[in-house]
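Okay, so chain A shows up in both of these, paired with chain B first and chain C after.
Coming up: the complex of A and B.
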């Protein structure tokens, strides 16, 4: 970009992987995430989705926010902020966390990496530096650094992912258990690999200094050539995470600090994330409010639905009767026809007191410019739609 | 297992009031004070051998109800319902004196205007008075009983009559200057009338955000007297009720333990390491000290802590104590009773503030002077006197920080200013003590050295004082209560926060 560009400060930033990713973005399908130019898809969303489910694929997570939390009080500060007990997190392990306002409403979700006894990395979908600064106030020895631009990160997901990393020479990678962190020498630097991801399948996330991003990409793609490696974008990610039952901001939840209307945000219990709330901890932000809600029961519960037929129930209202005559009992937050599960699936916010009864979705769909409406029966699913044993197996099956 | 029903941190006047009420209701109460004697900012302290005074130097609207409940007259507080005189010192001895009903030293027009003005302000003050002793409910969908307090405020104002109510609504949030400019011609009178809306705060006559409510707060009829006798009486009343007072005892932190539903305040840990258990802890320390210093942020919620963090509590008043070898002579003034103001015009006040706003101390400070030894002869040796002055506006954090030179330069300016009205005073000084807001903070353990613990302004008033979730004397930490000036209604020697906190605790 020339220096006299009047919009220089407004242009989207380019990921360190951009030189390679842009070549493969045949459709020029770019959108934006946290100020980065970011692929919605590269060639075809469904094709990329099938690569994730059947082969392996990379997802550029450079725009994801990354913070280093360092210092003697880092653990105490994070432990007060999030609902899980971080003191139980072992060195070189990762954990999924949520954090809430004083009123127990979800601010955001993310992962915490324990890199040393006094050093943690927190990742999340949107900027939370202001919240982190608020959370550090009063602790003597803790510093927060935004390292989003200092680390290049690539999510590498799919059944053949482990085989590719082995092929690449990452010795012992197959011994990594889910949520483990491993480190490998890489061109005089260190490649950090965590067995984490957002697809509900076998997968890893690769963390490297930006200067070695292209070397990483090239070696990975070279090793993955025979394993069907392909980049995937936001669209395929969204399909995979819905099958895995993972929540998305602006879909399943509103970040509480950005929500205007009273209680248009959510609590962990409403999002069916009660298992992340550890009341054996004497204190964490929102504890009192969450304890009250736990006793009272959440007003809504995020529920997995299997819906009859094949018409995605996007944006549908849900009713307790087939005629949709009574008051609605909830709404669908995400929906799709799942090719892997071969089912019409959805996540929905449903009034907790209506979960036991019948659930009907009022689905509107379009066929060649004509609009149609149908009412489909919904069945509540307790388990994630997609959760293959290989996602948890150590070592994972080889290919 | 509790040793006490309540432990109260800080034996300032609010701590004493709260302790006395709780003990009278049958509680076993321990009152802890870091200083060697109770009283806080109102405690008499020897600043030079034989010379004593207190930082807070007047009592002029202590609550009648509290005085009578705690039988303070029996314990030696001879409160009078007379308003303390305020005299604005004029150049060449042309002074203006107000007594709450009439004014002397001004033209006929201003004198008549003042009678009308004072009567109306008294009507407003009377309408508001009951609410200084009430808990202001949460401004949230709540109980009907809560709403009734709001309804009563509305009714009180409506009962003022249409004209008064409209006038009240119009002036309630006016800058002090606009209010007095509308009514008077005399510059000196206007400056005098502004004063009670401004003193102790980070506001000058032109400042928006509320000078009128503090004026009305201070106009509320109550008891006047000396801080020394008030503290003595409160102490005696508290002891008589069974309060155990331990002075020279510093609380290091509040003892917080996990309870069934989360953390609970269960006592205190003293600086020496001793644990004392109680069913509840009541803090009359300022909110910042209480929550951040004593309770500990890791026991509190993130957003709440940050609201406490940004409480505005930088003090802007320095305190001057002079030991004098005789009664000072002010040009053209026969009697030195009441409060004497050196603030000739509203511009003088405003300009003094302008300097402080930018971290400088003013070339010509404005001040309120009292000669406490006139009312209480025990404060100085015979024939000798004490002069006490609140000097405004002196920043808590001046540019370059406080040091010896800065203090010496400020002192020189104050004495120069004082000499303009009491020409011989320099030669009468035996000893002088000047306390900056930073020193008040250090010596009296009050954040920012702020009189009111937290700025007394609309954003930190009523159900926002000190912040929501701690504005009804209880706090987000069960077992911990507030009873100091950082709570509704606020600072000054009124006893109201201590009284209100005790009522909430006993509810």
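Coming up: the complex of A and C.
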């Protein structure tokens, strides 16, 4: 970027993968994430979604926030911060976590990588250095480093992803179990690969120093050429994660520290993430409030819905009766037509005491500038909409 | 002879037969499907004919599959994923190319490159087609009314049709009637001036049909091919992951889950009729199966002239079946390739080079090809519609290798000189390869294996009379309440307890599952069982 660019201060940062990704962003469909220029989609959102479900595709996760938490007290500090028991996390394993305020409201969700007995990497969607620093109070030997710009990361997802990594020469990658971390020598440096992702399918995340980002991209795309490799953006990610039933900030939850209105944030129980809260471990942030909520039961519960018809119930209110006359019982947080499952799916916050009764969505949609309304019956689904066996199989199939 | 009497026997395990089986079994009936081939699927199959390559060796793309059935039978859980493909290129006689880009802007600019007039006119063309398609699509999962009947249900269904028709508006109603009888070329004349654009738009009007682009009635065939959708993208086509057999396998799996029994390698020799009622079948191996009802998934001609005793039929039916218009006109060449072919005049990029190819030529070339068919020959310059499924589906060819599906219009069921011979078949295949080579120099060197299928082969292997892919032509005399015969369009056949569920019935050919589902609904109604067949689901409602 030229220094005499008068708009330099307002321009977005470019990911280390940008030189390659921008060539393939034929539609110039950019948005932003954490200050980075970020692809909404590259060629066609639905096509990219199908690459994730049918072949393989990469998602640039450089803008995702990455923190190293180091020192003798690192484990204890993280264990005090998040709701899950981190002491159970083995070396070279990854785990999904949430962390809460004292009131038990969700600050954010993310993943913790155990890189050494005294070294952890925490990744999350939004910046959280202030919360991390605050969480170190009382712990003597722990340091937190923001390494977001020091690591280039590419999420590589889809049924042919393992075959491509094998083709790329990552020997033994097929032995990686879900949430395993492996390391491979790469141009004199180390390529870290975790079997993780945000699509609910077979997939990996690749972690490399930014200086080798383009080498990684080139080798991956060269190996993946015959396996349908394609970059995907935010639009396809949002489709895949909704099918997998994963939550998104600003969709399913409003980060507690950014919430103005009383209880417009959420608790893990409301988000159906009670399984992440471990009361058997020592004290952690929000424990008392969450224990109370567990006894009382959450006011709302995030629920997977299968909705009749094909009109996505985006932003719909939910009612317990077909006429939508009685008080509303909840609202849809994310909704879409699922091309793979062939169902009209949604995640919705529904009053827990209304979950057993009928659920009806009032859906608005547009047709040639005219607005229409319909009421559709909703069925509660216990399992994720998309959860293929290959996502859990070790070794995974080649396609 | 076994003592057991089934509730229903389905003769033929094509995708419609399997659909009927699934819905009857879902209603609790004891259903057995008997299929002559060692695999189910009829013309929707995936076969490994060369090690490592899996061909959809008959039907090859999918757009009409009723989403409501996919969803209702949970076919995704049974292994079915439909993947839309993008970026078809049409090749003109003069070396011109017309690329159908997925982005609206790019597609418009590409049309404009050929004709600014046509680029503009395309909007009106697509709106008109969408309007016509909307009407016909609403009839797909409904039983056609009998226009001569006074039964409340027929009157209700007639009123439904009338209401749909009326909603088009007065001028459009006239247009619509005209549309049913006009030729594709004449219809397109109203919109376009550029010959390659006209040829590209006309090509769906001849696929699978013994009509030329200038033959009256071909406009409707065009509509039949563009009225489908994939996830609401009207006119889009999809590939079944794993090949078209994945559709049949998923339907079979759903049928089995509901309790249906499926017997392969069990061809039917005869449908048994006793005291004027269908009561079972005799298999080719001599076994006899008994059932309360018999449902034929075979085409109308084969059902009434091949597997039924003429004496079991009411007067006139045999003749109707014999004269049922089911002329074979299509061939198929399936080619395993050592690498991705490159096409002249097409940018070598990851999207466009990998979609479909329409070796369209021009209206004139297509008509010449039809002329050859009329004279019992294949054309040395045929219309070929191709797609390379392996570019999209990692399961059908080894990495870096490909297979190309080439659908050929036209190919006669018998040659003027006599029946097909292996030598003639190879020569036909060579004509197709020669045509592709013209647009892709070096193509021949990539060929690893090739399967050539004439209408004769389709009849022998799949059982489609004359190799007609629609189980009977889709002309107005054989559509809606005329399909297969006037008076028998509601899936009940002239013999009591005999039904039909294949593409010879409304709404006709294509992998839609609609014929099979409609038949199941009628059967359940006759048996006074609760209906298990869902209503259709529309994007444009």
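Assume the second predicted complex is superposed on the first by the 397 of 399 C-alpha atoms of A that agree within 3 Å, B and C clash if a C-alpha of one lies under 4 Å from a C-alpha of the other, contacts with A are read in each partner's own complex, and residues count from 1 in each chain.
In this text, a contact is a pair of C-beta atoms (placed from the backbone, for glycine too) under 8 Å apart; a residue touches a chain by one contact, two chains touch by 3 or more.
The model shown is predicted, which means the values in this text are computed figures rather than measured ones.
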item	value
Simultaneous placement of chain C and chain B on chain A, clash or fit	fit
Vertex chain A angle, Cα centres of chain C and chain B, expressed to the nearest 10 degrees	160
Chain B versus chain C as contact partner of A:196, first or second or both or neither	neither
First (chain B), second (chain C), both or neither touched by A:282	first
Partner chain(s) touched by A:303 [first = chain B, second = chain C, both, neither]	neither
Partner chain in contact with A:159 - chain B first, chain C second, else both or neither	second
Touch count on chain A, higher of chain B and chain C	C
Contacts of A:137 with chain B and chain C, given as first, second, both or neither	first
Superposition-derived minimum Cα distance between chain C and chain B (Å)	44
Chain B-facing residues of chain A, complex	76, 80-81, 101-102, 131, 134-135, 137-139, 282-283, 285-288, 291
Contact set on chain B toward chain A in their complex	258, 261-263, 292, 296-299, 301-306, 309, 469, 476
Sites on chain A touched by chain C in the complex	27, 43-44, 46-47, 50, 53-55, 159-160, 163, 167, 225-228, 230, 309-310, 337, 339-343, 367, 398-399
In the complex with chain A, residue positions of chain C that touch it	67, 70-71, 75-76, 81-84, 86, 102-103, 230-233, 241, 350-351, 391-395, 399-400, 537-540
